[in-house]
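Next come two complexes built around chain A: one with chain B, the other with chain C.
Moving on to the complex of A and B:
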C-alpha cells in the first residue's frame, strides 16, 4: 500500500517567447522559489529534487541538470533527471510523487522547464530518418495528417479547431503567467491566419515559449500541517505504445485509452464527464481537444467535437478544459 | 563601457553511422535494384515495410520475404507551408502517408505531378524512381509519388491505416 502524497506548493514562471532577463538556471529558479514560497518553505526543507525537460537538443545542452544542481539548491542532495520527450512535464511530477508515495523522501521539489529561445526547436525535432529525406516538418507536420484523418472519420464541422483556439486564448487572458495574451482574438482572426500545415492554421498552433513550473510534494504529515490547503494525489498512471505498427489507431491511441481507464479505476471515477470539475490536458494543436475528449473517455468515439461546439469545454461549461489557456497559450515544452 | 554578452551562437551537428541489421540490409539491397522488400509476420500476417526483423504487435521474428508494389493509396496527408532549416522541398508541398499495395504500414513521401489542392485521402499513387545508375541504399531512390490514374480507394479500404 503506497503512502499519501500532498502537493503543498506550486509555482511557475511568467512565460514568454524569449526570457532575455534569465538564463536556464534563472528560469528554473524563478519557478522553484515561487513553489517554495507557496509552501512556506526554504531550500533546507527539501530532501530531493526531480527535474525534467524535453530532448537536450532543444537547447543544445547535454544533461543540463548537472549544472542546474546549484540553482536548484540540491548540492549534497539526491537529484533525478526525467526524460520522456514531450510528455516529460507529467512524467517528472509522477516520478517525484512516487518518491513520496514509496516513503523514500518526505519533501520533494519537482521542476520542469524549457527555454526554447536557446535553439531552433523545429530543426531539433524534424527527424532525419535513416534512408529517407526529411519531409515531416516539425511537430505540426507530424500531427496535421492525423488531424485530417480525425476530421474525415468524425465528420466534424471545419470550425471546431478554430473554436478551441479562440476559447483557450480567451482563457489565457485571465492567466497573468500565460505567454500569449491576444486581447482581440476572434473566430475571424484565427480563420484568416496562415495555413502552416494544412489543415492546421498558425493560430491553431501552440507558441514556442521559455518557462518552467515547480511543485513541492510532501508526505501525509507535511500535507496536514501545510500552511495552505494541500491538493492530494489520488491516482497516477502512465502508458506508451510503439510509434509504428500495423493497425495503430493514431487518432485514438490505445495507450491513452488504457492509461485513462487505469487512472479512473484507482481514483474510483465511473463517469469522467460527471466526476471531474475541470481538466488541464496537453492540447498542442486545437483539434486535439475533441480527439482527447474521446481518448480520455469524456465523449464517445467521433463525438468529442460536439463538446466543443456545445460549449461544454468552455470556462463556464459543464466540463471546462484548459482554463489556464493551456499549451495553446504557453508552451515551454518540458514543463 | 563594454557590451554585455548575453547570447552566442554555436552550431551543432550529429553524424550517424547506421548498422542496419539483417532485415533492413535486405530491404536496402532491394531498393537499390528498384524493388521493395518487406516481411510478413507469421502470426498476424501483416507485412512490414521497411521490415524490422520482428513484429511489434506479436513480438515474434519475421522471416518470410514479401515483395511489395510501388503503387499505393494516400491514407492521409498535410500540405507543408512552413519554411524550416534543413528543408529539401520547395513549399508548399504535400507530405503524404502512403500505404503501398501489399504492405500493412504507411510510409511517408511527397506527392507531385498534381495540384496541391487536388490531393485527397484515397488518391491512388505510383512511385517515381530515380534513374537506376543513380540509386543508392536509400528510400530517396523514390523521388516522389504521382497519381496513378486509378479510381480513388474507398475510405473503408484504408480505415485501419489511419
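Moving on to the complex of A and C:
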C-alpha cells in the first residue's frame, strides 16, 4: 500500500512568447520560488527535485537537471530529469509523487519548463530523417490527418474546433499567468485566421511560450501540517503504446482509454462526467477537446463534439475543461 | 545446390541538421558581460561573502539569489595552466599560447582565459597576469582579448 501524497504548494511563471528578462535558470526558478513560497518553505526543506522538459534539442542544453542544480537549490541533493515530450509536465509530477508515495522522500519539488524562444520548436520536430515517416512540418502536420479522420468518422460539424479555440481563449482572460490574452476573440476571428494544416487554423493552435510550473509535494504528515489546505493525490496512472503500427487507433488510442480506466478505478470514479467538477487536459489543437472527451470516458465514441457544441465544457458548463485557458493559451511545452 | 547470392547492400543516407539557438543571459550574467564593454570586471557576492568571477546567478552553496556585485581587479594569479603548442583555427591566437585559470584580485574563484606568453618557459602557476582589453568591445567574454604577464612593460612589450 503506497503512502499518501499531498500537494502543498504550487507556482507558475507569467507565460509569454519571450521572457527576455530571464535566463533559462531564471524562468525555472521563478516558478519554483512561487511554489516554495506557497508551501511556506525554502530550499533547505526540499529533499529532492524532479525536473521535466521536452527534448534537449529545444534549448540545446544536455542534462538540464545538472545545468539547473544551483538555481533549484539542489547542490548535493538527488535530482532527476523526466522526458516524455508534450506530456512531460504530467509525467514529471507523476514521478515526483511516486517518490513520496513510495516513502523514499518526504518533500519533493517538481518543476517543468520550456523556453521556446531560445530556439525553434517546430523546426526541431520537422527534420526528415532518411527511411522514417516525416512529421511534415511540425506537430500540426502530424495531427491534421488524425483530426480529419475524426471529423469524417464522428460527423462532427465543422465549427467545433473553432468553438473550442474561442472558449479556451476566453477562459485565459481570467488567468493572469496565461500567455495569450485575446480580448476580442470571436468565432469570426478564429475562422478567418489562416489555414495552416487543414482543418487546423492558426488560432486553433497552441502558441509557443516561455514558462515553467512547479509544485511542492509532501508526505501525509507534511500535508496535514501545511499552512494552506493541501490537495491530495488520489490516483495516478500511465500507459504506453508504439507511436506507429498498423491498426493503431490514432483517433482514440488504446493507451489513453486504458490509462483513464485504471485511474478512475483507483480513485473510485464511476462516471467521470458526473464525478469530476473540472478538468485540465492537454489540448494542443482545438479538435483534441472532443477527441479526448471520448478517449477519457467523458463521452461515448463519436459523441464528444456534442459536449463542446452544447457548452458542457465551457466555464459555466456541467463539465468545464481547461478553465485556465489550457495549452491553447499557454504552451511552455515541458510544463 | 543454391546459387551464391549477391550480398545485400545495407542502405545509409546522410542528413545534415542545422538548428539555430538564441540565449537570454539574464540580469546577473548580463551585467557581467555589459561591464566588460566598459572595461569593468564584476563578480557576484554570495551570502557567505565569497566573490564569484565569472558570476553565478545563484549561490552554489545555499541556492540564494544573487543581487550584490563587487568590482574586482584587472590583474590576478594563474592557478593552473596548459600550453597550446600547436593552435587550431578556432583558437584565439595563431601562435602558441596558454589556457589558464586566473583568480583576479578580490575574487575567490578563477576565470578561464588565454594567456599570451610567447613561450611556455614564461608560464608558471602563481605568476601574476593582467587583462589586455580588445579595442572593439561588444559585451562578450572576448572583450578580454587575453591576459599577459603583469611585469611586461607598456605598448612596446619590453620586460621591465
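Keep in mind that, in the parts below, the second predicted complex is superposed on the first by the 330 of 335 C-alpha atoms of A that agree within 3 Å, B and C clash if a C-alpha of one lies under 4 Å from a C-alpha of the other, contacts with A are read in each partner's own complex, and residues count from 1 in each chain.
By definition in this document, contacts are C-beta pairs under 8 Å (C-beta built on N, C-alpha and C of every residue); 3 or more make two chains touch, one makes a residue touch a chain.
For clarity, every value in this text was computed on a predicted model and none was experimentally measured.
Between chain B (first) and chain C (second), which does A:169 come into contact with in this model arrangement: first, second, both, or neither?
After superposing on A, A:169 lies clear of both chain B and chain C.
Does chain B (first) or chain C (second) touch A:105, or do both, or does neither?
Once the two structures are laid over each other on A, A:105 reaches no partner at all.
Looking at the overlay, does A:22 come into contact with chain B only (first), chain C only (second), both, or neither?
The second partner, chain C, only.
Looking at chain A, does chain B or chain C touch a larger number of its residues?
After superposing on chain A, more of chain A is contacted by B.
State whether A:71 touches chain B only (first), chain C only (second), both chains, or neither.
Only chain C; A:71 stays clear of chain B.
So, does A:43 touch the first partner chain B, the second partner chain C, both, or neither?
Second partner only.
Quick one: is A:60 in contact with chain B, with chain C, with both, or with neither? Answer first, second, both or neither.
In the superposed model, A:60 contacts both chain B and chain C.
Does the superposition put A:81 against chain B (first), chain C (second), both, or neither?
neither
Output check: A:200 vs chain B and chain C. Expected answer is one of first, second, both, neither. What do you get?
After superposing on A, A:200 lies in contact with chain B but is clear of chain C.
When the two structures are overlaid on chain A, which partner does A:146 contact: first (chain B), second (chain C), both, or neither?
Only chain B; A:146 stays clear of chain C.
Identify the overlap between the chain B-contacting and the chain C-contacting residues of chain A.
Residues 20, 57, 60, 120, 123, 128, 130-131 of chain A touch both chain B and chain C.
What part of chain A is in contact with chain B in the complex they form?
20, 57, 60, 120, 122-123, 126, 128, 130-138, 140-141, 144-146, 148-149, 152-153, 194-200, 242, 244-247, 249-251
Could you list, by residue number, the parts of chain A that touch chain C in their complex?
That would be residues 18-26, 29, 43, 57, 59-60, 70-75, 115, 117-120, 123-124, 127-131 of chain A.
Which residues of chain B touch chain A in the complex?
6, 10, 12, 16, 18, 20, 28, 31, 44, 46-48, 50, 55-57, 75-82, 84-89, 92, 95-97, 104-105, 108-110, 121, 137-140, 155, 159-162
Could you list, by residue number, the parts of chain C that touch chain A in their complex?
Answer in residue numbers: 11-15, 17, 19-27, 29, 56-63, 65.
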